[in-house]
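Two complexes follow with chain A in common, the first pairing it with chain B and the second with chain C.
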Partner chain A sequence: MVGELKVLYPNILEINLSDLSFEIYESENLFDKYMGGIGVGIELLNQHLQTGVDPLSPENVVIFAIGPLNTYFPVASKTCAVFKSPLTGNLGESYAGGRLSTAMRFNNLGVIILKGKSPEPIYFVSYEDGVQFVNAKPLMYMSPNTTGRIIREKIGHPGNRSVVTIGPAGERLIPYACATVDRTRHFGRTGLGAVLGSKNVKGFAIIGDQPISLESNTNYKQYRRVFREIYKKTTETNLMAKYHVLGTAAGILPLNALKSLPTKNFAESYFEEAENISGEYFASELLGKRVACGGCPIGCIHLAILRERWEKGTVADIHSIAVSYDYELIYALGSNLKIGNAKDILKLIEAIEKEGMDAISTGVVLAWLAEAYERNLISPKDTEGELIRFGRVDDFLSIIGKISKATEESELYYTASKGVEALVEKYGGNDFGIRVAKLEPAGYRTGYYAIMGFLVGGRHSHLDNAGYSLDQKVLNKPITFEQGMNSLMNEEEWRNVLNSMVICLFARGVYDMNTTIQALESLKINRTDEELLKIGKEIQRKRLQFKYAEGFSLKEAYQKFPKRFTEMMTAHGYLEKENFDKLLALYSKEAEKRYAIKVD
Partner chain B sequence: MGKRLRVKNLDRCIGCLECVYACSRTNEKLLSNYRSSITVKASGGIERNYVVVVCRGCRSPPCAPACPIPGAIKPRQGGGVIVDREICDASKCNQECIEACPIPGAIHIDVDINKAIVCRQCGACVQYCSTGVLVMEEATGEW
Partner chain C sequence: MIKRIFADTKRCNGCRICELRCSFEHDRVFGTKLARIRIIMNEEQGEYKPNTCRLCYKCIKACPENAISKNEKTGAIKIDHELCTGCGKCVEACPFNVMFLHPIKEKAITCDLCEGDPQCVKYCPEKVLFYTTSQEFKKLTN
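Up next is the complex of A and B:
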């Protein structure tokens, strides 16, 4: 059958895991109103999730959503996941690339909703005509990638599929467990892995083959022209050059030079050994190849080849594995742990990958442990004899598995498996407990806006509003605090629009307002500037509404700021408490004006 | 003389699929990952390289004379073949073209329209291959 699909309004697949049933239905209204991605995701979360439920109970709901531009245009390659976060207790929101969005597109799925809890571990496969549930008990506690390989072999269908899996950490409900997509991409932040684990979902695969008629779904000529323009902007201008050459790891040396690279659990902002863990070093010494998400000509995914000799092996007893690295991983497992050897960082990435944990959170947890150990806040008895020292890769390698596998008997590791907030509550050490609103932050010590961005961001991620980038922009062009906070809020609203499309934010320079409007228009979706901005604002209002309804307290998160935030050197010098106070007051006032909700 | 498509730097492929989409977008007016004359597959795990499967543009193509329906598939000037979609009908033959081509997948049946689909050497994919895997070249050499 020649595809005559209603692609502007793809289907919704709703799965009730409790009785392993599913339903596929249309919802034009929803996509019309909220575009897709986070717009549709947050609306559906509000509809399906009751306020106040335990994030790890069957009552939690997971929404995966793509948007209008996915697969139609270059670098519109992400899928948005929304759920209640077991780590922060409020908005769980995460984005991953790979081939998930293209598989959903070719399966004519705009949204997947997961509800309930399967009685036994399963994975499910979504074909075009329905869903199959497969017993996954024999796969329990396998690494995400082994699980993925097995699912791929079982279902066949090479090329046109995407496989999402969790590892042992997700099954053990570690609140910062991630879900791995197609081997190298992750729904990393805010704990989707644990939520899937709590639902007994070891993984899922989407298979899609349906062709989509461009004659009926696009203004074909305009579509091809806009496609070409976006492609050219993506590949021929320098808007995205940094991502394909050195990848995000390009940021290590510039941030270090700015005194903004978190080092030694954020105590320092400059790492003497940065050269040895820089994007330049990785690319020249370890990079094996680059790969791309489906429909992205950039290929920012940098895979290093790690050659490892077996313990006590001969020169020939060696194996090689491919490990993907990124800026955030190099900060979290390199500078922030004082690991100055690139290969050691790869070893840590691989160990964490096998457990299926978010590498940023894990790295910051490890850094807290090392500092607490150094300060004798935790004793060798607590660590069960393990040494936990900055700069020692073997120390960290031997406790990653302990954290992932910890039971209540081993108190320290069990607490560590709940995140920095839990460690601080149990052992103290708030002064150096690096987290904002319970989320371990990304690697930026750039100045006020990075930290305020974490605090006020909908999901407390650096990608919410890119405060780290604003800090760098205003270095030579000072602005008032009021302008700064406004700029953060505008950025977050605009990102809500892009996250509804759902483009990769690395391409945000390509998708400016005009380009986005034209791309939509070629798909017969007519929107004006004001309409898009209004949608962005409305999404922000809903995200915040969700958080506050779930009990998020801005004041409390602010009061828990570790003292270190005001003791650390940044690109803007030392930060002062009074200024944070001012910024927060400015934000609250403006947010109440913009979103007509009480933020406190 | 027309040029023909060559997979010149296979090892550089990043698996972005832009060539696949370009082919179906331009030649089929579709957004599709399989109604395309070019396919990109992983060759076993992401650590290994990708494989680009497409017609090699033979100057004396064995696929064309194997076809039992006159005029359905003809050699193209400069290499490769042209399928006449008005004539080709995979339900009226034993898909001899596929059998005759030694490269699995280079020519295949588009099951939605039941006709052979094979590269027509148009070069659209080349414009969207950012890594220079694909090039259009004047046919030289023996094949």
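Up next is the complex of A and C:
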């Protein structure tokens, strides 16, 4: 009924997969205290997860959380997932768009907690009044999108649902497997797909179609005004225009010009064929359509149409599929593999999408394999006769499935399915083993802060603190290392606030402090600047506390830095080890001061 | 010439702000079931199609209570909720499936063109929706 859904007091759905039971209960003051998203997520993870458990055991816990601004405001369209990562062994944290946050809001769910392990493969459907568990045995080893289509056909409620699925990689517990949301969006990083696979959850659907009252939940007049202002900022100013027009792929040419586009497994920073894989090229030659997440006016999801000819002699001679592309995918499967053909990149994206793997991690693993092959670190015997060469799309296409399906007998591919860290441990090649704290990085060779950002970030993602952006900002305005590290840490704390709302970080320019406070106020949530900053800092303390309790070692991660980080040209020239040492010391000192925990 | 809402469906990105805005304006709620404009979604193909009243007036004839009439100013469908019994005859008569029963009030609802200032058109970020005449729409989309 209208009026019963409150912003600050949505329900929690807790599912015990071991006996396929569920409980829906009120969140009481949880959202009041911890905002939502990562704030609520990290708090619940600490409450429900015991330290030291195997991330792929039934004891791991997955928390999905939305925040106060979701659905109420434009571009507040993400859902936060928190769990223990099978890839990094510590904080697993990932965000996805699609219609998940809207479906959760209209189902009056603020949080979904998954515990235990189902005895058989299942998917579950959350309706307004409860949860149904469905046998997923017939769906085993199907691609995420076929699985999604079958679930959608079965459950009905078109338009009022969101479907999350995993692919074969998740079922085979590949630690960088992703979870796919509504066909085109992903919980990509840190391996949520494998955790769901380990729990025998092939997917789930949230049906959300209850209306939410704006009159009783908001200061109505103020709400109308703030909504209009945010809507105008997102659609009529240039704050977000680039995400609509070219999408994130707009970054390819500028980063290439800055000598910051990782090329050939990070060995080079300039790709001579960048023009052919640029956002501009994709938009003019291959873009079929832009689509949007629920409640977002931007429409940044760029779908390219990949047309392929059938083999000769068949009746239908051509088929076309829609493939979503982004900057990170173009870097990971394009420049970093020296693939200079946009259609080839789409083929690789599609192949990885079918397996349900994180495209960034997979791309970096492929790049390591190509370099190891080039240097004879791995032999044709290891590769089982396959050639793995930079610039050859067919080479990569033929091994993606091998990695996803590898068993222990197939040593190289099995190791590759565990990530770059595992490859380096087994075969050596640390000098060019591109990963930071076991996570294969996003595509930025901009300078010190990008790399340090990966290292000190809570989940080692480029989106933790946007070091790559800081690198570009300070190109013409040098700052001291101390200012730089402080800036990274401030940014991460502020992003914790935004990730508690849970807005899409593309809209970070729209949701400045003042706008965020006003948006919250219009939903009857009163917070001051200081209070929000305090919340951001507290979340950061908890994220770090979780990591260190799980055995994360900053020193160890730093010592494993590939030599390449100090050999490569960036927008800031060559990077020097001494300076990394300085930056790390500055960080440790400041982090201990800020968060009162031992950082080492 | 009567103006109504037209959609250049190819460009719809499926953000569904039109639905949210519609329920917002009419009921002060966010709820896709309360929207007078609905997006028909083909999630597999990523195809979205806005669907709303075409002003064919079949509902007026179908209503046994004479609760439905034509708004003289805009030509939109006007439903008198005092008279409407929620019998659903108009819902059955609507050839475009854009006459709905309000899930709470249990009365018929459909697009009323917001008294000549349709909010869905105003807030459509892709400018897919137009409030115009059929001739103008043809010109605009050619």
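Following the convention adopted for this analysis, the second predicted complex is superposed on the first by the 590 of 600 C-alpha atoms of A that agree within 3 Å, B and C clash if a C-alpha of one lies under 4 Å from a C-alpha of the other, contacts with A are read in each partner's own complex, and residues count from 1 in each chain.
In the analysis below, a contact is a pair of C-beta atoms (placed from the backbone, for glycine too) under 8 Å apart; a residue touches a chain by one contact, two chains touch by 3 or more.
Keep in mind that what you see is a predicted model, and the values were worked out from it rather than measured.
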item: Superposed partners chain B and chain C on chain A - clash or fit; value: clash
item: Touching partner for A:A466 - first (chain B), second (chain C), both, neither; value: neither
item: Chain B versus chain C as contact partner of A:P74, first or second or both or neither; value: both
item: First (chain B), second (chain C), both or neither touched by A:I321; value: first
item: Touching partner for A:G299 - first (chain B), second (chain C), both, neither; value: both
item: Chain B versus chain C as contact partner of A:D209, first or second or both or neither; value: both
item: First (chain B), second (chain C), both or neither touched by A:A136; value: neither
item: Partner chain in contact with A:L87 - chain B first, chain C second, else both or neither; value: neither
item: Overlap of chain C and chain B interfaces on chain A (superposed complexes); value: 1-2, 71-72, 74, 102, 106, 149, 158-160, 182-184, 209-215, 220, 231, 235, 289-299, 303, 322
item: Residues on chain B engaged by chain A in the complex (per definition of touch); value: 14-18, 21, 24-26, 28-35, 39-42, 45-47, 49, 112-113, 128, 130-131
item: Partner chain A, residues of chain C touching it in the complex; value: 13-17, 20, 23-24, 27-34, 38-41, 43-46, 48, 103-104, 123, 125-126
item: Sites on chain A touched by chain C in the complex; value: 1-2, 71-72, 74, 102, 106, 148-149, 152, 158-160, 182-184, 209-215, 220, 231, 234-235, 289-299, 301, 303, 322
item: List of chain A residues in touch with chain B within their complex; value: 1-3, 7, 71-72, 74, 102, 105-106, 149, 158-160, 182-184, 208-215, 217, 220, 224, 227, 231, 235, 288-299, 303, 321-322
